[in-house]
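As structure tokens, here come the structures.
The following pair of complexes shares a single chain, subunit A, combined with subunit B in the former and subunit C in the latter.
Our next item is the complex of A and B:
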């Protein structure tokens, strides 16, 4: 039977991936879920006190977690819309210039090929105020008559500003690349038809260009949200490994701390926090999908 | 509104960087398009007809020359302000909008005193949709419709703002044969009903001849001939036009004019009316111009110096009302001569050869060097 053999072959081809994903993705997820309900789990003795929601209530009342939650949400809500919007503007600009386009495309794409920690170091140099120097950004601020601010060790708003600036800077190139190529793939005949009908520029953008690229924009928004919720290494690059001291911890950082950090060795709390993160990202993604049904046009 | 095209020239820089000369797409195109008529721009691929359309619409700027809409010089006017309706070859319907929104799109751009309310717009959309007979499809998306329906939506979108001129770029190319016949009648009907000056571009001469009031035949960016379709068919100005119009194609022979008489090989064909120097010519004979000579009984008996063309008989194709005689002649430019006669006519083929008398109004003599018509 040809179709039976085909089905069997198909399953055989899928088998390695299923095993791999099962062992390293599905099983750990279920495991973490179970851990999160086991109270006071002890690695050494592999035993736990009981089953219940105590882990969740601890985590949700932990001030470090609340701070991390707050930080993460601020980063997500600021960087995702801003980076997508700025990428869109830059891509549109790039698509409308003719000469030197490739030069500018290269310039805008450069940050993508740099290393997170190296860039973090450079940002520290630019923004940090030490006993010896104010940092280059502060020099600029002073030049315009303001007071110098310590962006790395100073007030919370300054630190958050650098964090968002840095995050947007790092995610921008990839978004620009995707959007530029997507814009180029829109059939120019639609623009010609719109021109004949005397359509003003802003209307062309909102009624023709944007719907044509909406699947790509949607992709960038969803992956942007998911990525931003998992932010951690960018914070470490800027503020060092003791994020709690800097008040800039993120949810992922908190989970890491709970497992290995100074206060480490609490896998139950880490598991609970991980499941909370999962629930948040899941909800946001569902909301995004529901919004996309009305707004995204697939060809 | 009449359109005057004055010495229009459009040059494009050559893609091959080694060749310095520009590609001349439209070469000194000088023509006045009368108001309210259906004009066909006809020609083979690459002759510049779509470029002329783009120049009229404003999507391209001419290198030289002027364009007038009525009495206004619109050469410098951008496409947005010219008030033309353009139907693209592949329709260019906005795929994410339904039919109603597609047709309404141009109306939403109107500003100032032309600005319409939502109700007025919807009414206009419905009216235009009725004109092209798609009023039942207003809620569909373009992807949910057939080619012919999409075509009509594109026409409606072009007409809804009541343009001064309607331009169509090969509107029937993407349709199947049956739909093509149907749609071209629709086009004629719509043009007559609205009375808008309409120009459409095509490479199909049958299409152009059947519905146009005037046709303009182009080659290599130049006008080869223009006029009433029947006149252009009956009296071609040059060899190109004679060959381009007419299905089946005109039969072309190499011939000579000697002492006022036209010869194909040794066959006397006809006497020239005017005096012409002896020269080489091309003799074009329409398929319907052949009359089998019933006084012909073979070469041995042909002592009279009658005017006839002798060809080697190959085949007789009976196609219902008409029949085609396929034959060969060493001076013929092409593979097989096709002569169309009424079915049932007796054909004598002594010695495998058939002789024809030619109707004088179906012969066209062209100078071999210039291609211009002599008779």
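Our next item is the complex of A and C:
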């Protein structure tokens, strides 16, 4: 009697979750998969030509997609190692000072609670060079004797620089927070033992600290990769919604462009691109997991 | 100490001053290291704070004085509130803020109910297929949002829920991650408490309400905060399904202003809008700073 009642209660409790998940997560997943194989889908008439890989080949040959792919990869490869590295350095510095630590921590966490689109606008204005003014950043560059560059409407490398800079600026708070709390949880016994042996700081870091926090570093790298592949709203914040015109589109941007397109969109192409993205992220995650087998130290 | 030709005792005074030297060097190196650290931290703190400072500063500069600065100034000569007035009157910024507020509150509330019930079922109740179902839930975490958004767009359009609050809220409500987090927390509540409650004849629901929820409060606060931040920053979904400005949220509202509104020329007013949007969360952050940071750390490490 008791277990029957429990079963009933349990299923009742889980019903809302199942309904929402089913409708907005499971069903779409299957649907998108099917969409991607339906060729020439027309949203208006809800009809399609046939089943096949046409959508995939279209997407993979679309120059906009290739550009988006290239942009996304550059962003991933630059921002993930850099942001994790900088976060590590900052966390280490934070852990070894005691005055003002709380102040710094609060300041560093600020970007996390702000709207990335709003702040991205500020960055855009700071980095932009218009006919009226060179902008704050260029002012600084000129102060140090360089030439001013338009980071928003100028050369590709400048745009990429701003993009990566802003991305790192945005993701750093979370990483710093995680790493500092993780560093704090390393058992001080190890450090004491090392001190007794007069171990140089260098060795302490590489042989004790790093291995101890390696699971967390690894976690940040994996989630960093996954997050960076999905870069989109940061781009829009800097360059506006027409990313193709700026040559700065990302894979996700491409998917949304395909969807929100002019004539009701091309959900088939969007679906194919989305599945491709999923495949890429999945593969990279597997590679990451394999690498971690060799390098991460678990207690 | 008398100096002796004997190697051992004769070297004591030398050893003393040698020690002093080593100690001095070590302290110097220490201080040097500390200075470098503080400089580094101060440097990054500057990079973090500057955009905010500039944002607030510009929002108080009058339109004409801003545009007349070829070299941007770091201070305000004659501050003005005009930009804020413009920001709220030329576009319905107040409306965007209200929409976002309602959206955040409703979505978070519904999410909490679902998450608490589900976590309760998984952690406390016994039923057939429990493990399989949970494994299924976990696997759903892998599905990226970018994928499902495509179909959800079609679904919501077919249900005629574009440009409506339900359309905005419904797909944004659920997240398996929070169920997982809360379930872990619930599971740490010792069985003895449950048994004791049962002996007293408490029903499961009462137990949930009176015992489990208060104990799990920190995690619940974490989940709430994370969800609030997520909702306030939500951009893609609102952008996709609303084209009626009456239903814009704060993020796509800003985008709209920037492209079609006064954003193109009136930068100070734009900044005023940005400040207005950022202020609610920032105030929340400064007040609940410790809880928020502890919560995110907990949520991050569990993930």
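By our rule, the second predicted complex is superposed on the first by the 275 of 299 C-alpha atoms of A that agree within 3 Å, B and C clash if a C-alpha of one lies under 4 Å from a C-alpha of the other, contacts with A are read in each partner's own complex, and residues count from 1 in each chain.
Simple rule for what comes next: a contact is a pair of C-beta atoms (placed from the backbone, for glycine too) under 8 Å apart; a residue touches a chain by one contact, two chains touch by 3 or more.
This structure is a prediction, so every number in the text was calculated from the model and none was measured.
Superposition of the two structures on subunit A shows subunit C fitting alongside subunit B with no clash.
When subunit A is checked against subunit B and against subunit C, the one touching more of its residues turns out to be C. Within the superposed three-chain model, A:212 lies in touch with subunit B and out of touch with subunit C [touch as defined at top]. Residue contacts after overlaying the shared chain place A:199 against subunit B, while subunit C stays out of touching range. In the superposition on chain A, contact is made by A:267 with subunit C only, not with subunit B. Within the superposed three-chain model, A:151 lies out of touch with both subunit B and subunit C [touch as defined at top]. Looking at the shared chain after the overlay, A:239 reaches neither subunit B nor subunit C. Once chain A of one complex is fitted onto chain A of the other, the partner contacts of A:190 are limited to subunit B, with no touch recorded for subunit C. Closest CA pair between subunit B and subunit C after superposition: 6 Å apart.
Across the complex, subunit A is touched by residues 33-34, 37-38, 40-41, 44-45, 47-49, 51-52, 54-55, 58, 67, 69-72, 113-115, 117-118, 120-122, 125-128, 130, 133, 137, 140, 142-155, 170-171, 173-174, 176, 179, 204-205, 229, 232-233, 235-236, 239-240, 250-251, 254-255, 258-259, 267, 270-271, 274, 277-278, 281-282, 284-285, 289, 292-293, 296-297, 300-301, 303 of subunit C. By the touch rule above, subunit A contacts subunit C in their complex via residues 3, 6-7, 9-11, 13-14, 16-17, 20-21, 23-29, 31-32, 35, 89-90, 93-94, 96-97, 100, 104-119, 121-123, 125-126, 132-136, 139, 169, 174, 177-178, 181-182, 216, 219, 223, 230, 232-233, 236, 240-241, 252, 255-256, 259-260, 267, 270-271, 274-275, 277-278, 281-282.
Across the interface of their complex, subunit A is touched by residues 57-59, 79-81, 84-86, 88, 90, 92, 94-96, 105-106, 108-109, 157, 161 of subunit B. Residues 187, 189-190, 192-200, 203, 207-208, 211-212, 297, 299 of subunit A are the ones touching subunit B in the complex.
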